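The structure under discussion appears below in the form of structure tokens.
Naming follows writing order (A, B, C, D and E), and every chain is counted from residue 1.
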Amino acid sequence: GVAGAAGRQRDLLIFAASSLQTALDELAPAIEHATSVRVRVSYAASSALARQIESGAPAGLFLSADLDWMNYLGDRHLIKSGTRVNLLGNTLVLIAPASHAEPLAIVPGFPLARALGTGRLAIAEPAAVPAGKYARAALTSLGVWDSVAAKLAPAENVRAALLFVSRGEAPFGIVYRSDALADRGVAIVGTFPATSHPPIVYPAAVTTAGGADAARVLEFLQTAAAKAVFARQGFLVD
Amino acid sequence: MSVRIDVVHALGQLQLNVSITTSAGLTAVIGPSGAGKTSLLNIVAGVIRPDRGVVRLDDDVLVDTAKGIWRPTHTRRIGYVFQAPRLFPHLTVRRNLGYGRWFSPAVTDPFAFDDVVDLLDLGALLARMPARLSGGEAQRVALGRALLSQPRLLLLDEPLASVDQARRDEVLPYLDRLRAEIRLPTIYVTHTPAEVESRAEQIVAMDRGRVV
Amino acid sequence: MSVRIDVVHALGQLQLNVSITTSAGLTAVIGPSGAGKTSLLNIVAGVIRPDRGVVRLDDDVLVDTAKGIWRPTHTRRIGYVFQAPRLFPHLTVRRNLGYGRWFSPAVTDPFAFDDVVDLLDLGALLARMPARLSGGEAQRVALGRALLSQPRLLLLDEPLASVDQARRDEVLPYLDRLRAEIRLPTIYVTHTPAEVESRAEQIVAMDRGRVV
Amino acid sequence: MTDAAIIALSLKIAVVATVASAPFAMLAALVLARGRFWGRSLLNAIVHLPLVLPPVVTGYALLRVLGRHGPVGALLESTFGVVFAFRWTGAAVAAAVMGFPLMVRAIRLAIESVDRDLEDAAGTLGASPWWTLATVTMPLALPGVLAGMVLGFAKALGEFGATITFVSNIPGETQTLALAIFSLIQTPGSDRAVMRLVGLSVGVSFAALMLSEYLARRVARGRS
Amino acid sequence: MTDAAIIALSLKIAVVATVASAPFAMLAALVLARGRFWGRSLLNAIVHLPLVLPPVVTGYALLRVLGRHGPVGALLESTFGVVFAFRWTGAAVAAAVMGFPLMVRAIRLAIESVDRDLEDAAGTLGASPWWTLATVTMPLALPGVLAGMVLGFAKALGEFGATITFVSNIPGETQTLALAIFSLIQTPGSDRAVMRLVGLSVGVSFAALMLSEYLARRVARGRS
């Protein structure tokens, strides 16, 4: 048994989007200390986790990188809607290999296609992965999507996109600031205005299987102490 | 025991068409290479299903294509020494010899294991794997294996082709004794008519699929 | 041509220890099952590497363990009809027969393909796959295949064991003729001394790994 | 989780997956090698499916069918109390399913190369087809069974997509070496840790391969 | 991309991956089956690596080695002008690498079951070891080569993790069926479209399997 089994009441299984791993792993001891709940975290793609919760996964708390999949669970009454919060935010940045990074002003119609030349723009899969969806929205609102749409290198997730840039395979990439900060092989050459894309939100909620422990942990994640850790990782906290 | 074989079977260009009845004792089948001797034994043993015909051991109908009867090989209790030894490569000589005994129903055992081993001089080979046998040794093991399965009919396809004269002269009288004591009828294919001339109660000469 | 064989080789419990010299013509090797006849041929052909010893064809040293000489099988030009036919199952009879000709250096061809096919009566089988041959047919193809590879020495391991009398009586004189015409020395293993008694210029009797 | 615990869990999952699926793989291989029935091609296609589909799809299908709310999963839970969802047993199921086509192919190939003449010989000695199978065909196909199990085991060690989709990535329960490596790869700056786990994976599989080669050599030696 | 274009690309990648890696797989299988040299166990382990490691790791390794800035990738580009990064050729490389252990195992198993007596016979007829290999051993191992190629092809169709990590998911260039399915499965409410593409995958592989079984039957029939 994972959570909820008799005698192991103080164990909590959290389902969290992969991109939260560094921060949550760092927070785990503090969570245990503050709430006396021992947490175990399963990191995977938000889509996989949401479908697992739908199939009765014993997770008490879900931290998604994606509004759509949280909504998916909400529509099916699989989360306690009262507990849902927008836990974190993030910023979208344009990155280049650290070795030859020159600032590029991100304004409507900025010459990204020309800067790319024959190279490709590494982004997370724009049809499916949240970071890719935001990137596509931002480029569209800035009027440069059409000029780069044929020059994309869509990756499985943000980290893979990051890898393409840090390995120098792609001259530019679009990732979250939190990811860009974590990789010394890349440099941020520009930041997308928050207005250029829908707000980047990491929603969190206690699942219908979750109990008081889950609520307490979620509460802790919203304390200043927790926020400081998230902020240090590059997330936006309010 | 009488064996009745009356079958028609097409083998590539060859049309096998044989009708014979043999009664207890030794039946020799002779004939040139490609005459259909092996195929005939295969039909009796149940390894080949004939296109048409009947195979009977006394009243026991093994094959009757008209009536749709076909007794599977393993229920026929017919010992068969193939033209090649076909030993089980993963079993020692001892276990090859013992393989058929699992299924032999008899309580009394006219073919005592040790007798057969002595007769065929297999004592020194029992622990050997088949890959380490000489050609003649392998063929003797195959013969012993068939004898030890306690068949009610024995089919021998040139069983002594690579067995030396001395041993041949021992084995043939032993087979005679077996036939005499337990009335084990035998069909014996050979290229060396001399081997069986004096013993065979019936000689079937085949050529091009037919009895001539 | 003279063949010098002087080897020692351990085979399980058997210690093969043979020293013979044969000169042009037919050498018969006889002896009971397990005597080491096949192993001897294997050593000459290069299929087995002897523990110690020398094998020479005239001045051509094939094996000399003391000097570290070991000529690989395919460079020896020794035709070998094994105890089992060992036909290539994926090639037709015709291509089995032709297999060795790829490598035969001769310009003149004393073993004309058609002659061999006629002699061994293989004409009707040329398009057949080996799986569809009878035991005797397969052995004839193996013999033809070895002859057609234009060897300078022929090793025959009971090549006529499952060949019928009539054909045997044809093949043996043909082999005589080959030996006479092109001086093809032959080492012939058999259980039927009668087969070679009148022909063999030398008879080597083996038992338990030794010449007796 | 310590490295040792992750390795122990991975080994448990891989061994259980390989051993438990071997009989089914033998059966499927046998039916494909020897059966002459109408649905054979279909069975063949189904066996190959986990290879052909992206692992995520297989994992998703497992979740749907064997999950707590899945038709088979619910049945198993209510009748036998067996739960695969989010348990190590489920990870073993995912690994077994993904390795299945590999095992079946190897075993089938070996069965197909068994000399039918030997089976005929067993028949004339009184062995029924089933007994012949057990005492002649399968022993002779043993190298193929071993090769299949090696492939299945290696696959089980490396399986990632179907496992994480079916039973998630729960430390101590379903987080195998492959999943731990994936998690670490997602974490920037953990190249060192990734290399360490990759090294462990390689070490475990190297040991398994050596063992299998040793067994194969013993089988081969036993026949000469 | 239309479904037809995705299928065409997937087939191209799978066929090229399978055909191009087959000779290497035969060579590796041969060396493993017959070679007696010191590094044999090591080679065996290396061949199995893509099976043992999570596909993402393999993709990552490919990127490091064969990427534009990887040691081999840079060399290939400067000497031959060959680029794998973000090209369909790179997807074929990823598929080939992932399918390699499967091909090698099947071929090796088949080579090991070839009767050595036949090779000896070829030798006495004057065939050198290499010629024997070409005219006896490999033809007799053909069922294994076919089985291996089927496994490799199926794996190439389903390969996902290494491909997307190495050459990304570019429609019309590197987006195979498996990658297209992956994109869809991450999108809520796309079950229908996923089912359609899965159906296509199954159809393609079914056709490939039928073809391979037909070829295998022809080989077998040619020998009886």
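Convention: contacts are C-beta pairs under 8 Å (C-beta built on N, C-alpha and C of every residue); 3 or more make two chains touch, one makes a residue touch a chain.
Computed from a predicted model, the values in this text were never measured in an experiment.
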If a chain touches chain B and chain C alike, it appears here: none
Taking each chain's C-alpha mean as its centre, the one farthest from chain B: A
Reference chain C; chain at largest CA-centroid distance: A
CA centroid of chain D to CA centroid of chain E, Å: 20
Approximate Å spacing (C-alpha centroids) for the pair chain A, chain B: 78
Chain A and chain D: spacing of chain centres that average the CA atoms, whole Å: 34
Numbers and ranges of chain D residues touching at least 2 other chains: 56, 60, 185
Shared-contact residues (touching 2 or more other chains) in chain B: 84, 132
Contacts with 2+ other chains: residues of chain A: none
Pairwise chain contacts, counting only pairs that touch as defined: A-D, A-E, B-C, B-D, C-E, D-E
Interfacial residue positions of chain A with respect to chain D in the complex: 2, 13, 15, 18-19, 21-22, 25, 40-44, 48-49, 51-52, 54-59, 157, 159, 162, 179, 182-184
In the complex, chain D residues that touch chain E: 41, 44-45, 48-57, 60, 101-102, 105-106, 108-110, 112-113, 143-144, 147, 150-151, 154-155, 157-158, 160-161, 178-179, 181-182, 185, 194, 198, 201-202, 204-206, 209-210, 213
Sites on chain E touched by chain C in the complex: 117-118, 120-129, 131-132, 135-136, 139-140, 142, 222-224
Contacting residues of chain C [partner chain B, same complex]: 12-13, 31-34, 37-38, 83-84, 124, 128, 132, 134-137, 140, 157-158, 161-167, 191-193
Contact footprint of chain E on chain A as seen in their complex: 45, 47, 50, 68-69, 71-72, 120, 122, 125, 127-129, 152-156, 160, 163-164, 167-169
